[in-house]
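Presented below are the structures under discussion, each in the form of structure tokens.
What follows is subunit A paired twice: with subunit B in the first complex and subunit C in the second.
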Partner chain A sequence: MSAYVSQLYPGTSRSSINRRKYMDPKTKYEKLRSISDEDLVRVLGHRKPGEAYKTVHPPLEEMKEPEDPIRRIVEPTSGTKAGDRIRFVQFTDSVYFSPMAPYVRTWAIYRRYRGLDPGVLSGRNPIEGRERDVEKVAKELIETEVFDPARTALRGYTVHGHALRLDENGMMFDAIRRYKFNKAKGVVEYVKDQLGVPLDKPVEVGKPLPEEELKKRTVQFRVDHIKFISDKPLLGWVHRIFELRSRSGFNPEGVKGI
Partner chain B sequence: MAEPRFIKALRKKFKESPEERYTTFYTLGGWAQDPRKREFKEISDKIAKQRGIPMYNPTYGCSGVGLGQRTYMPYLISGTETYGMPEDVHFVNNAAMHQLWDDIRRTVIVGLDAANTIITKRLGKEVTPETINHYLEILNHALPGGAVVQEHMAEIHPALVEDSYVKIFTGDDELADRIDKRFLIDINKLFPKDQAEKLKKAIGKRTYQALRMPTIVGHLCDGGTMARWAAMQISMSMISAYKLMAGEAAVGEFAFAAKHAELIEMGTLTPWRRARGPNEPGGLSFGYLADMIQYNRVHPEDPCKYALEALACGAVIYDQYWFGSYMSGGVGFTQYATCVYTDDILDDYVYWGLDYVKKKYGGIAKIKPSMDIIKDVATAITDYSLSSYEQYPANMETHFGGSQRAAVAAAASGIGGSLATGNAQLGMGCWYLSQLLHKEWMGRLGFYGYDAQDGAGPCNLWSYRSDEGLPIELRGPNYPNYAMNVGHLSAYTGIVAAAHAARGDPWCVNPIIKVAFADPSLKFDWTYPRECFAKGVLREYMPAGRRDVVVPPR
Partner chain C sequence: MEIEIFPKRLLSASRVEKILNSIISLGMAKNIILHGPKLPKYVVVPSREHLTGIRVETGHEDLKRIRFGDKEVELTVKVGRIIIQPIEGIDLNVFSEKLREICNELLPFGFDIRMGQFTKTRPTISDSIREYIKQ
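Then we have the complex of A and B:
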């Protein structure tokens, strides 16, 4: 029996191709900007730069854990080994061509990383995990093509804005104004951390991508971009999933040839 | 192509064109944009001064930043010309919404035939239309809180309970003709002829009492009180009307009939983990609620509006009352619910679906249910609905949460399926497919992705076996898979209503419920619920349950 090869995502449109690409752990995200480790820590707001990680248990090496075959199979993440507390990063994605969308980021996290617990809502995408593991993943998700400074945002709470119209600079609304567009520099700066606590100095997260560039990179379908129903293989796949669930819910033997 | 129905509301809500994608924020006046919040703040400041404890302060809104950093938009009550602020459709602030639920909670229906049989067969007394009229006169004294049989009883001030009464209805025209018209819900007068004939045939010679307990009792006690209140007053009135010995064995039979054998409650008991008695929203099925709405009795030609009126009531009862307060506590889920009955957005999608179905299938309820119909109807209506949000950014901003858009697009799809086939189960299939399409289209859906509610929904849709499923008409918040479906159950009510109205059915699941709520003496207007809500928004709706006669004047 050959090993299972994941198909990742159906569809032939650019948006479907982007979904597959972002989910595929063999594909490296294109780096578009840099954020220092110190600035990342500041904008996440969980600890001060240079401060030691808070722990909720001793390092695993020092603990005598009961024998468990799963422990032999699964290697703990760095944060788990060290006993880090559970912390989070949370993203909000504008409906106006943000590179990512909550479901797709979550599927990508399942494929690419370990030890994280993502959740999907329409206006936010929480990702929980051990603190240093969260920091590592957050850095990649902010520095690369799956983030846009104007259309993607870090928000611990008061998240709404993903479906609102854009401001005069093309920025997504944030009720507590954690970030602003620095016109002189042409970059977006965080002036508050993801929970809205003011920062002692701004953290730059780079220039917003031009809209044409966003359209190339986004996973989103839109009526003014790529129409969802124009991607016939994807539409057919959704119909198939629905039909199989409908026909086989309490009657799995009733469906043949899947 | 005609302008969408929601454009008028969008123009009122925002200063920019509905197609405009850019706007301004942060300089709009904060919470003071909203006249209701200004009113609340002014009154709250006075209360705080009087009681010495601080109260409402909107500057605490968003994590220390005041509310109102974006445009505060008014909301149009769909199908009306009335605009209000979000606060006006919070169920606590809207007196019509109080009465909507009060009229359901305070109603029980009790068959009269068992009691009459006991009187004639067991006690050898005569029951005639005249004795029934006499009994009803006594019960209309006793039900609101008047004493019979025993002297020196404490009675209830009639002004507190002016909404409490009993009426009867029957499929027996001969009996109905001889009942005092003050006590009769007259099927022949209230329903179109074809509907009346079907209803009378279904009800047959049986006679039912529609008992309305006082609204104030519902407020002070609970839904489970109602059958007991009714049974006690029925038994006492029987004793008085038929000159029975108080306490003779037959009286126990009346009580048993009224509390159990002949009782129809509006809502069933909920399980312990939800911990509510009968006649509470958690036990109210979609079919019963759809039957309570009377729009199709008066306007059988417009099944869409019937579905929309039913759906609006579902939103208030299931989302705002049940999930928003009974189950979750707090201020409720107003924004979750109101998206389906404000700004004519769902109305637009539903009527677009009607046109689509008529053009594609030659009319409504013309095509047999099939998987292909679900795929076709749900895909077309979901495409129209979600495209409307993207073509009109003001529309997207109005429904700024994914749960709102999911509810509206899927409700329109479900109603479209019901209209096409006259089959509510198929309509539900369209709802579920719409959710799956929406999820893949936008890469997001509702609260925690609606994986449990809608990802799993199709799997139990077609099962009728116990523990696996139910006909959708009989499902409700008590259905296990719907225990957490905020923003869903309103649409399920509309989907049921649309299917049966498309078929020309006079009722959805229970003809007795349909007739009981055709009663023009009810406080709430069950034909035009959204107009009632609009009156509530304008503070022009007068509910029952007043206390002013027993309290000092303000």
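Then we have the complex of A and C:
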């Protein structure tokens, strides 16, 4: 009997293909920029670079945990083994062709990483977990194709701006002004961390991608780009789910064989 | 009847200054309203030293005084819409054509111009409540 292979997401449009690609655990995200570990820690704002991780309990090896079959099967993450405290990173995605969207990022994190708790709301994506696990996933999510310096942002709070028009430099609005566009270098710099605390020196997160490139990489469906209703297989599946749940709610016997 | 300029991008303070000066030079506007998301000057952020946080400046580049005509005004919003109330008796079509020429020159990323009523014409219940509270 063959193992179940998840189909991930229906549809044949570019946006659907991108969703499957980003959600698939086998996909290696294309690296587009580099951010040093030190700069990442500064932008996340939970500790100072070089400072030891604060812990909430001793390392698991030192703790006398009761014998449990699940504890034998499940390998703890590195943060859990060390006893790190729970910290978070939060992303916001502009509706103007940012590579990712909140729900798709959440689905991707559930499939690709262990030991993290991704939340999702219409305008933001908090990702909680043990501190060093959060740093590891934040590094991958920032350095690769699922992040655009202008259209995706790291915001701990006051996330307003994802649905506003971009400014003249193509940047998403941020009331706290955590980042700015350095016109001389053509890069986006974070001048505050995700919690709004000013940084000693700016952290560069790279050049924004041109809009044509973003339109190829985005997972978003938009009326002025790839319309949701234009992807017939996807629409067919959504229709099927809605019809089945309505009919089966009325009479479960009535949907047998459909 | 009012005219609204709706650019496809949020505007910088320097561009708003240029547009306002161009609109005023036409001599047809009675009132101009600048609308957009608020730019806070200060924000309270977490601090290891202070339990209740510390107040820091946001540092928005567009939070500055702009000069148009003989007036100076402190900009407190990131301008997204410009609503113009014309002087009575002005031909709105002529006015909007002139505005279109100004926008074609100063808004290279695109814009829409609409005519209609964009502001309240009479007080509502919330205005009455505000008056009551002020008393």
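The working rule: the second predicted complex is superposed on the first by the 251 of 258 C-alpha atoms of A that agree within 3 Å, B and C clash if a C-alpha of one lies under 4 Å from a C-alpha of the other, contacts with A are read in each partner's own complex, and residues count from 1 in each chain.
In the analysis below, contacts are C-beta pairs under 8 Å (C-beta built on N, C-alpha and C of every residue); 3 or more make two chains touch, one makes a residue touch a chain.
Note that the structure is a prediction, hence the values are computed from the model and not measured.
A.B. asks: Following superposition onto subunit A, is the placement of subunit B relative to subunit C best described as a clash or a fit?
C.D. replies: With subunit A as the common anchor, subunit B and subunit C collide in the superposed model.
A.B. asks: In the superposed arrangement, which partner chain does A:L164 touch: subunit B (first), subunit C (second), both, or neither?
C.D. replies: After superposing on A, A:L164 lies in contact with both subunit B and subunit C.
A.B. asks: Going by the contact rule set out at the top, does A:V56 touch subunit B (first), subunit C (second), both, or neither?
C.D. replies: After superposition on chain A, A:V56 lies in contact with neither partner.
A.B. asks: Mind working out whether A:V255 is in touch with subunit B, subunit C, both or neither, as first, second, both or neither?
C.D. replies: In the superposition, A:V255 contacts neither subunit B nor subunit C.
A.B. asks: So in the superposed three-chain picture, is A:I176 touching just subunit B, just subunit C, both, or none of them (first/second/both/neither)?
C.D. replies: In the superposition, A:I176 touches subunit B and subunit C alike.
A.B. asks: Once the two complexes are aligned on chain A, which partner has more residues of subunit A within touching range, subunit B or subunit C?
C.D. replies: On the superposition, B touches more of the residues of subunit A.
A.B. asks: Thinking of the overlay built on chain A, is A:I86 touched by subunit B (first), by subunit C (second), by both, or by neither?
C.D. replies: After superposition on chain A, A:I86 lies in contact with neither partner.
A.B. asks: Could you look at A:G196 and tell me whether it touches subunit B, subunit C, both or neither (first, second, both, neither)?
C.D. replies: Both partners, subunit B and subunit C.
A.B. asks: Can A:P102 be said to touch subunit B (first), subunit C (second), both, or neither?
C.D. replies: Touch status of A:P102: first partner only.
A.B. asks: Kindly list the residues of subunit A that each of subunit B and subunit C touches, one partner per complex.
C.D. replies: Residues common to the subunit A contacts of subunit C and of subunit B are 158, 160, 164-168, 170, 173, 175-177, 195-196, listed in rising order.
A.B. asks: Within their complex, state which residues of subunit A touch subunit B.
C.D. replies: Interface residues on subunit A, with respect to subunit B: 19, 93, 95-96, 100-104, 119-123, 157-158, 160, 162-168, 170, 173, 175-177, 195-196, 219-224, 227-229, 234-235, 238-239, 241-243, 245-250.
A.B. asks: State the interface residues of subunit B toward subunit A in the complex, per the touch definition above.
C.D. replies: So the residues of subunit B touching subunit A come out as 16, 20-26, 62-65, 69-70, 371, 374-375, 379, 383, 386-387, 389-391, 393-394, 396-397, 399-403, 405-406, 429, 432-433, 436-437, 439-449, 451, 456, 458-463, 465, 468-469.
A.B. asks: Taking the complex as given, what residues does subunit C use to touch subunit A?
C.D. replies: 7-12, 15, 37-40, 43, 45-47, 56, 58-61, 78, 80, 109
A.B. asks: Looking at the complex, which residues from subunit A come into contact with subunit C?
C.D. replies: Residues 158, 160-161, 164-168, 170, 173, 175-177, 180, 191-192, 195-198.
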